[in-house]
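Going in written order, the chains are labelled A, B, C and D, and every chain counts its residues from 1.
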Amino acid sequence: MKIHEYQANEIFKSFGIPVPDGKVATTPEQAEKIANELDGPLVVKAQVHAGGRGKAGGVKLVKTPEEAKDAASKILSMDIKGLIVNKVLVTKALDIKDEAYIGFIVDRRSKKPLVMVSASGGIDIEEVARETPEKIHRFIIDPLYGLFPHQASELAFKLYDDIKLVRKAADIILKLYKAFIAVDASLAEINPFVVTSDGETWTSDAKINIDDNALARHHDIEKMRDSTEAEKKELDAKSKGLSYIKLNGKIGCVVNGAGLAMATMDLIKKYGSEPANFLDIGGSSSPLKVVNALNILISDKNVKSIFFNIFGGITRCDDVANGIVEALSKLNIDLPIVIRLTGTNEEKAKEILSRTDLITVSSMAEGARKSIEIAGK
Amino acid sequence: MSILIDESTKVLVQGITGRDGSFHTKKMLEYGTQIVSGVTPGKGGHKIEGVPVFDTVKEAVEKTGADTSILFVPAKFAVDALYEACDAGIKLIIAISEGIPVLDMVRIVAFLNDRGTSLIGPNSPGIISPGKSKVGILPGQIFKQGSIGVISRSGTLTYEVVHHITNAGLGESTCMGIGGDPIIGLKFIDCLELFKKDKETEGVVLVGEIGGTDEEESAAYIKERFTKPVVAFIAGLTAPPGKRMGHAGAIASRGTGTAAEKIRAFESAGIPVAGEPEDIVKLLKSV
Amino acid sequence: MKIHEYQANEIFKSFGIPVPDGKVATTPEQAEKIANELDGPLVVKAQVHAGGRGKAGGVKLVKTPEEAKDAASKILSMDIKGLIVNKVLVTKALDIKDEAYIGFIVDRRSKKPLVMVSASGGIDIEEVARETPEKIHRFIIDPLYGLFPHQASELAFKLYDDIKLVRKAADIILKLYKAFIAVDASLAEINPFVVTSDGETWTSDAKINIDDNALARHHDIEKMRDSTEAEKKELDAKSKGLSYIKLNGKIGCVVNGAGLAMATMDLIKKYGSEPANFLDIGGSSSPLKVVNALNILISDKNVKSIFFNIFGGITRCDDVANGIVEALSKLNIDLPIVIRLTGTNEEKAKEILSRTDLITVSSMAEGARKSIEIAGK
Amino acid sequence: MSILIDESTKVLVQGITGRDGSFHTKKMLEYGTQIVSGVTPGKGGHKIEGVPVFDTVKEAVEKTGADTSILFVPAKFAVDALYEACDAGIKLIIAISEGIPVLDMVRIVAFLNDRGTSLIGPNSPGIISPGKSKVGILPGQIFKQGSIGVISRSGTLTYEVVHHITNAGLGESTCMGIGGDPIIGLKFIDCLELFKKDKETEGVVLVGEIGGTDEEESAAYIKERFTKPVVAFIAGLTAPPGKRMGHAGAIASRGTGTAAEKIRAFESAGIPVAGEPEDIVKLLKSV
């Protein structure tokens, strides 16, 4: 789960990581009020679950409350990578002397937490990683002992020469690791980690992603969830045991299993059309799940045909066929439906489906071609 | 031969009295799997499908000699169930359970590694050596004993692939779903190492998907150190760009884990990649 | 550091371990008041840092507030193994059906935490351990992973057959381990762990010792310190860099190093007398330390002679001798003093001391004999 | 020969700029110990007694090839200093530092064990192989190269014992104080194993004290597996009964750790126990 910068700031603060003063606003007036409370130059930053907001114009430096109001009103109407900005963070601007990078992630390869630091922090960090990978220092952490102070120091010595800054950075690296573990983060990142002209260190952009599987033990963080409209639909589907992501094609797909669902989408593309969605109905194809899945698909006006691709597996195909027939009887669907059912009792399933208007096919390739053909140009 | 499991594998079912546990115990017994015991704390002394149930894995192992365990335990209890199996001396664990937090898995794999226990999963459909033993929820009837090893990160997509292999008359030596979570036990390379030594296996099908860099790593491994023919299939070319893991994700993996990148990695390692599941068999016969 | 049962109960409660309601009293009247608040049969228990209080009469079952007052007045005047009882815990009596034992300790042999359980809990647990060691179940904990729930269950299955009791006991074992680690205990023990007639489980006697080296990170627990008069003297000495324990003989000892101090005491005993104390003045023998040490010794009226046994070590003997002479010049001491100084520049030291009334010897055996001889019968 | 340290031992001093660290660095150098570097974070680039100082142990090891480290770091920082030394590849650590919490030591010894690093201490006076190297705070002048190995839980009592051995003309091969804390690195048995293989060592003196059961365990070990003559001395016969560790202490150790019990254990294993330090030499000459 993604959380916003202002929420990550709250978590950082609770672990003693220094974050510039700031507050979140949902209207330009609020932004102006906050700017009045805070003193000196400020930054107004879009709070949106998308990267590259800076380059998209979602971050503005302002000097007066009026300017803050103005910037907020511009940013709050913004669309960044398809996401509407509903909140801005108004925060103190820093007198930046130096920008470093500090990031924690769970490394799939070593199967352990990985910390990365670079003296070349800032918005171009990915380019640094690509062009001059030697500037990124990585360290794999033994999860049984955690990060030791001397390891944090060794990393901090890669960032600064001044022992005072080394001590401050090592302290932040240790605290960030603590936070990373404590909140079950899959990512915790400070970029840039700033040194100001007066020699102080600050977190200028806090980023934390939380492991979805661990949310059950973090109710306080679960409450931070701020879903976009698209995500709300996905969450609603999830609550019904469905995994759904809307796309922009015209072939609706209903598949059991995520891998097979992706392969089905790929095939539709391969044969010249575009899938309307990713939709995994999971292990058992109960009539209720089929009803819910179809309800989602028919609400998408782009959909011109529906392709069921079900691999029987443990469940017998005739049971699945009966489930689909039962579900369809409850709905009034104009769209053509192509069904591919493979596995145990496949023939019986075909017989059941033959008594309906549904088009049955024997392979996913055939099903993909058929549903594209029916959908028309 | 086959890898990891065969007719001599003695299986213990953790969570045997649950809905899925009891259902699949029946299915596995029907397939011929040697299930020697089950565990559900507080249900010691009962029987499920004729299989004796114990309170602890330790007792079950002592009394029935189980060497392999399959987990149907809900996520909340799965973490301890994994430790318990390893503690009791189980040498191979197949975790069907899904939803285990990543940082818990980090500690678990360290524990199992130290103690020499192998793990398939979590969030795995299991493993089957056709005609010998099935430890999982895979539909037994679509498999046929043969010479192709299958390793996959998916469930039903694996069945789709196997369906074609079986229909083509090739059959499978061993087929396993390693699970799609970020931190898992055996990975592609670990399974390839085993298939390398297995005389019955003449070729391997590797079914990957977007995310992570396991496919890229195994492509490099196959090029350098694997001698049997391999065919790959990657799902997710049309998948939405997905939930990016900040900068750190891209920096750490030195790549973005897209299907296109994975396909490129295989092709540049000389490994044919099937355009759709049906093509796998043609490619297998041609290499 | 030892803490009282009522203090251990507070810690237990904060970790969710069930403890019967109760309060501490320092007067019989307070005990009566507490008994009025609590209902039904109660126990009045001496709070004193000594074992075997039950056998000494320091635990009494009472039925009414009057009886509670009466019991408290008896116990509060009691001397248990040389310690005066200043506090009693008034707590609900349990309708005991079964008594088990649960204990955690750091095991020197495996260098890991060790948990022990026995279905035969109660005051005779040490006899059980001696006579029927097979009734004590031990389990060594991997400190990197902690105690796992299944391990706690396996131990609990050794205590009970009923799955409900097994679950409750396993839960308590896990919580006690958490508490053990969290407070840096060197010992955490429940004896007896009680099952009452209604099938509930309770901690009837909580015992926690804290690792002295870890107290710096447990200020809340440090505040629980309740020292006896003897311990206060020891603590006062400790604050001056001295390690002191009063004993009952007449030969006062001043030694550098704990091992050598014990060996010196042993030698005095071997040669027919008794040491008046254990006193380790530590590494450097500064004049101030010698003054403080002598001040402690002369306040003990039993002391008839004083034996300095100093092994020079890194510090030169002549420096040490000068320190002793300087210290003695500041005090007016009637007692005869025997000094043994060995190590670098031993001869120079003897020369310095020869200008004083002090008796110098060359070996600790000679010193022990001399100080006994001088002390007289 | 000698055990653990000799003239080729390259020593690093952790906490070299502190009062004790710098004082004993001088003393060790005077004794002839090969001190190659020191570490104090933030003092990299300085020199103490001509010894170069580095910011991290890693750098000190890389640049000076140190293989052994001595710790003069205060308790609060000693825990991380131990991990740092091991992390940097140091193979023997001598911890003079005292006051480290027991549960921290539990984790540290597990870490060091896993990585094959030996630890003497904490709360140790150090180790000396007379005429070769001294890594500790022991007074060098009382030692003399010879044939007796000395292992002790004490500081000055060790000097007392060594004083008699040296004066009797026997001399010591290696002498070490293992520290009196509940959890320590090398214990009596570990040191005996080393002395067993050391040709220069002809006999061993073991100086024990009350508490724990290490003396009892080593008595059993010596009886069964140690071939060279051993003489023991135990301090604490007159020590007050001491702070009892509840029931658990007695149950766990199956004994109470008194001096009388320890003396009995040695005597029943056929190991002579000296009645006072002076007698050790007589006993050594008689066995």
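Following the convention adopted for this analysis, a residue touches a chain if its C-beta (ideal position, glycine included) is under 8 Å from a C-beta of that chain, and two chains touch if they have at least 3 such contacts.
Computed from a predicted model, the values in this text were never measured in an experiment.
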Between chain B and chain C, which partner chains are common?
A
Pair joined by the larger number of C-beta contacts - A-B, A-D
A-B
Could you work out how far the Cα centre of chain C sits from that of chain D, in whole Å?
27
In whole angstrom, how far does the Cα centroid of chain A sit from the Cα centroid of chain D?
56
Note the residues in chain C that touch 2 or more other chains, in rising order.
144-145
Taking each residue of chain D in turn, which ones touch at least two of the other chains?
107
Take each protein chain as a node, join two nodes whenever their chains touch, and name the resulting shape: line, ring, star, complete or other.
other
Per the touch criterion, the pairs are A-B, A-C, A-D, B-C, C-D
Parts of chain C lying in touch with chain B, wherever the complex brings them together:
145, 148-151, 153-154, 157, 163, 166-167
Footprint of chain A on chain D - complex, ascending:
41-42, 55-58, 80-81, 83-84, 87, 107, 111
Touching residues on chain C, where the partner in the complex is chain A:
144-145
Residue ranges of chain C in contact with chain D within the complex:
2, 51, 101, 103-109, 111-114, 116, 125-126, 129, 133, 136, 138, 143-144, 181, 184, 186-187, 189, 191, 207, 209, 211, 213-214, 216-217, 245, 247, 255-260, 262-263, 265-270, 274-275, 278, 311-314, 342-344, 363-365
Could you please specify the touching residues of chain D with respect to chain C in the complex?
24, 27, 75-76, 99-107, 109-110, 137-139, 141-142, 152-160, 163, 180, 182-183, 207, 209-210, 212-214, 217, 233, 235-240, 243-254, 259, 275-278
